[in-house]
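Structure record follows, encoded as structure tokens.
So that you can tell them apart, the chains are marked A, B and C in the order they are listed, and the count of residues begins at 1 in each.
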Amino acid sequence: MSLIQSSMGRKLIMGVCGGVWALFVFGHMAGNMLILVGAEAYNKYAHAIVTNKPLLYGTEVALLSTLVFHVIFGVVLTLKNKSAREQKYAMTPNGEKRTSLASRTMIYHGTIILFFIVYHLITFKYGKETFVTYDGVQMRDLHSLVVEVFQQPAYVMGYVVCLMLLGWHLSHGVSSLFQTMGLNHPKHTPCIKMLGKVYAVVVTLGFISQPLYVIMTSF
Amino acid sequence: MSEIHKTMTIHLKIWRQKSPNDQGHFIEHTAKNVSEHMSFLELMDVVNQELILKGDDAIEFDHDCREGICGTCSMVINGNPHGPEKATTTCQLHMRKFKDGDHITVEPFRAKAFPVVKDLKVDRTAFDKIITSGGYVSVNTGSAQDANNIPIGKHTADLAFEVAACIGCGACVAACVNGSAALFTSAKVSHMALLPQGQAEREQRVLNMVRTMESLGFGNCSNTGACELSCPKEIPLESIARMNREFYCAEVKERPEKEIGGF
Amino acid sequence: MSVVLDAKIPEGPIEKKWDSHKFHMKLVNPANRRKHNIIVVGTGLAGAAAAASMGEMGYKVKAFCIQDSPRRAHSIAAQGGINAAKNYQNDGDSVYRLFYDTVKGGDFRAREANVYRLAQLSTEIIDQCVAQGVPFAREYGGLLDNRSFGGAQVSRTFYARGQTGQQLLLGAYSALMRQADKKTVEVLPRREMLDLVIVDGRARGIIVRNLITGEIETHAADAVVLATGGYGNVFYLSTNAMNSNATAAWRCYKRGAYFANPCFTQIHPTCIPVSGDYQSKLTLMSESLRNDGRVWVPKEKGDKRAPSQIPENERDYYLERIYPSFGNLVPRDVASRQAKFRVDEGRGVGTTGIAVYLDFKDAIQRLGKEAISEKYGNLFQMYAKIAGEDPYQVPMRIYPAVHYTMGGLWVDYNLQSTIPGLFVAGEANFSDHGANRLGASALMQGLADGYFIVPYSIGNYIGSEGSQIKPIDSNDGIFVSEKKNVSEGLDKLMKINGKRTVDDFHKELGQQVWENVGMSRSASGLKKVIGDIKSIKAEFWKDVKITGPKDYTNQELEKAGRVADFFELAELMAKDALTREESCGGHFREEHQTPENEAKRDDSNFCHVAAWEYKGAEEPIRHKEELKFDHVKLTSRSYK
């Protein structure tokens, strides 16, 4: 119990929960790449997920709870961190002593991403339901919804911005999780840091490629 | 003498604050004929001489050894604790790192745990409190065994030295966006955890030191790495990771205190 | 009347003195120790070690320091290492050899019994520090590494890169903070001792100024330990920290503690030279540099060519020329003096002409840049940072600077001053280094005094004289009046409101002391400087300007009080140098030298410690403690 009472324990929990989400977004991105294959593959994949109730509910519970912990501890820690410096500096570290902007602004892109997640769920999970039938099985035609949404340029622009923010969040978050867990070694850390950035780029590009594909193929 | 030092004019903006409760403000001061061989603190000395002769209070700032080892000098220079040069304390920063006509903003280390005493002088006793809570090996004078009875491999000794080199200046706290003392605390935790002498108290030490650190108003580490970049002794971020794992392990293993002699 | 001082050296053969003395010391019952308050002033190696050790024993200790944390005391700046007669390298070292080297190195002006005890304790110090977790350098097998230092013929120096002092101090500091955690020691940082309180002839407390609030505080105790370091800052420019000062020791002197050998100061030959009049302090570079660097100046006076333009045959490698067998490795005082002679001849180098070259060109050619960087990388880096020149390309410019003061308050074998109940440890006392300190011995002495000697002496003092130490209250009687005096003294300074800053006066004083009571001293110069110091001092009390508050933090006020004391100390140094009609160790009188400019000691008239007694407005009285050398035969040093 006391781990949760200490800032360091809370940070660990926040980090691990973020890690769960980092894994999830990769899987989510990879699965959705089926949109490049076609409507049938995409819809069948979605159908397979929603019909596997234990998997679905298990994932939903895991994601919701980790998100709650990630957000709550993120906010609690940030408030404590902000209170540790009551008077601001006129200037902040720069030149060789400057740190990455991403690492200093996690709470801000994190907040935007949270709102994005809610909006995203409303748009797709709880969005318009139409149905198609493949091989005699009726299922939700998510593909047509996605294509419809992704044909709105304003939406896509917002979507791309949010995904880039997610990537930015991950670019610090993924490798930072290793540091938080106590895994730092001069032999491995440079590699972990690089892989963290690669991971963020892959996730972001993967997601962004989907609306771009939709837009380009719809003309 | 035949040779002429390169001299320059420096425009300073310096923080002045009468007491912890005073609001504080910047004053502007132009220093002329600044030699490139001056240290930054010598520039401050010259400014102070001018202020005193004008009847103003001298600017209070902490300084002592002026050779980069005591950890007394502080100051945030143009946003950087100890100035722009890496692996350097303010007292070892020389004016040749600046250009003629430069504007330099000088502020105190700012953190809730380091309240300003006056001007650029802050109170860093919070660090002493962290050490008091466990930054030592409990050995009494006179009870030690022969020094060579404790062999320590060269690599381990070098690693321990690397973190033991912390001068306790507080630049890590000043640089950290969260005002966190993680690097300072982890340097001592690491030093003791790496050496055989520190093993007996290893778990209790990290628990006590981290809990004390958290109670003193420091923020939490968010792995920005600013501390490592600003550290004049280049204590590595790796030590914070080490402190993290030391802390989690000790926290998980810690047993509830038994009521001794209780009902 | 001058008296002959009794050092209370225990009877018996030298190797048994300390053990038998320890046995005969009175003890204090563990349950009673917590009833006794001890004040320790200063938290460097000696102070922190003493306070921690006494806290462990169970005394109630108050530890004071002027810094914002005990960890910042100037012991932290010692680079080279700490000597100990461990003989881990099997090269023939022993307690006796360390003792012998120290007495001889001190040019026969130290007390044999003290030095022997120091050598004995040296081995325990290393054990203690390693047990605390001090990360000394190790060999691959895991055992402790040693190096030879300061021309010693055995490798007995333990080190932690170039930061030995730091690591040892942090060890002592951690022991101190452990006792703070246990509440046996109360640590009171940012307090400056401004007076010693004497009750019934015994040291019973101190008056301090809280350097944050400006409040004058009174603290009472059963005994006072002074570990406030040396007085090198009397020279203004020295390798001491900016805040190092003599005030605490000086105020004790004015309360009746004798001041011994004030003229014994050590000049370190390899420091980075002064670059301009804004210079605030000097930085030392380890003398190990002389192992590979060659010292030279141009043969021609006033040769202003760049060093690379000066051909070999126009260079004077003067140390190699004058001392063919020791060459560049002659002792500190000899190397320093020779550099001064070259500069006085007008052959100094650099923009100011007050420096000599230390050239690594040959070493780099012989060993390669990598090997040199391996050995001296951090020193070269430090030099480049400060001087702005790359020593791999251009020879270093070096010049001697004041580094250590062997003189200090006179103490007996128990480290007790002439005031009962006032004990003095570390550089603040005069005890073990004679007229010249050997490299890597200062750390050893500070820790020996602090960990192993003072705690025993305090026990003996309280155990044998405890009944005469009556309970007192720091809010009563003499404390109140002394507090008022101290406060009025500060008012007096604040009220002058003249036209010159404290630093301005300090610089002027320092210049005079450096010129006349520095590396080379003459009767005429000393007589003149005594008058000059008096007149600068009079000027100071008429014309100094201190701004800022008295009742809150104010560094100018702190400095002013210290400089006021430096004037008086400087005068005593000059008097001591004038009366010591011989040359020995760091004290070089121009009248007393061999035809080859070597120091000429006078053992028949000056084989004694000079201890000065304060007499108020009258001249101080010079007392003697005769020195006997039963073990190390009096010989003169030769490095030809």
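Structural remarks
Following the convention adopted for this analysis, a residue touches a chain if its C-beta (ideal position, glycine included) is under 8 Å from a C-beta of that chain, and two chains touch if they have at least 3 such contacts.
The structure displayed is predicted, hence computed values, not measured ones.
Think of the whole protein's Cα atoms as having one middle point; the chain whose own Cα middle lies nearest to it is B. Farthest chain from chain C (centres taken as the mean of C-alpha atoms): A.
A separation of 27 Å divides the Cα centre of chain B from that of chain C. The distance from the centre of chain A to the centre of chain C, with each centre set as the mean of the Cα atoms, comes to 63 Å.
Annotation: 37 Å between the Cα-based centres of chain A and chain B. Chain C makes touch with chain B in their complex at residues 49, 52-53, 56, 67-74, 76-77, 86, 88, 124, 126-133, 135-144, 160-161, 163, 166-167, 170, 173-175, 177-178, 180-181, 187, 189, 212, 239, 241-243, 275-276, 278-281, 283-284, 304, 351-353, 385-388, 451-452, 455, 499, 501, 503-504, 545-549, 552-556.
By the touch rule above, chain B contacts chain A in their complex via residues 13, 24, 26, 76, 78-81, 84-86, 105, 107, 110-113, 175, 177-180, 210-211, 214, 217-226, 229-230, 236-238, 240-248, 251-252, 254.
Only residues 2-3, 6-12, 77, 80-100, 103-104, 106, 172, 176, 178-186, 189 of chain A touch chain B when the two sit together in their complex. Put simply, chain B touches chain C in their complex at residues 1-3, 5, 19, 35-39, 41-43, 45-46, 49, 51-53, 55-58, 60, 62-67, 69-72, 88, 92, 94, 96, 117-118, 121, 123-125, 127-128, 131-148, 150-154, 157-158, 160-161, 164-165, 167-168, 191-192, 195, 197-198.
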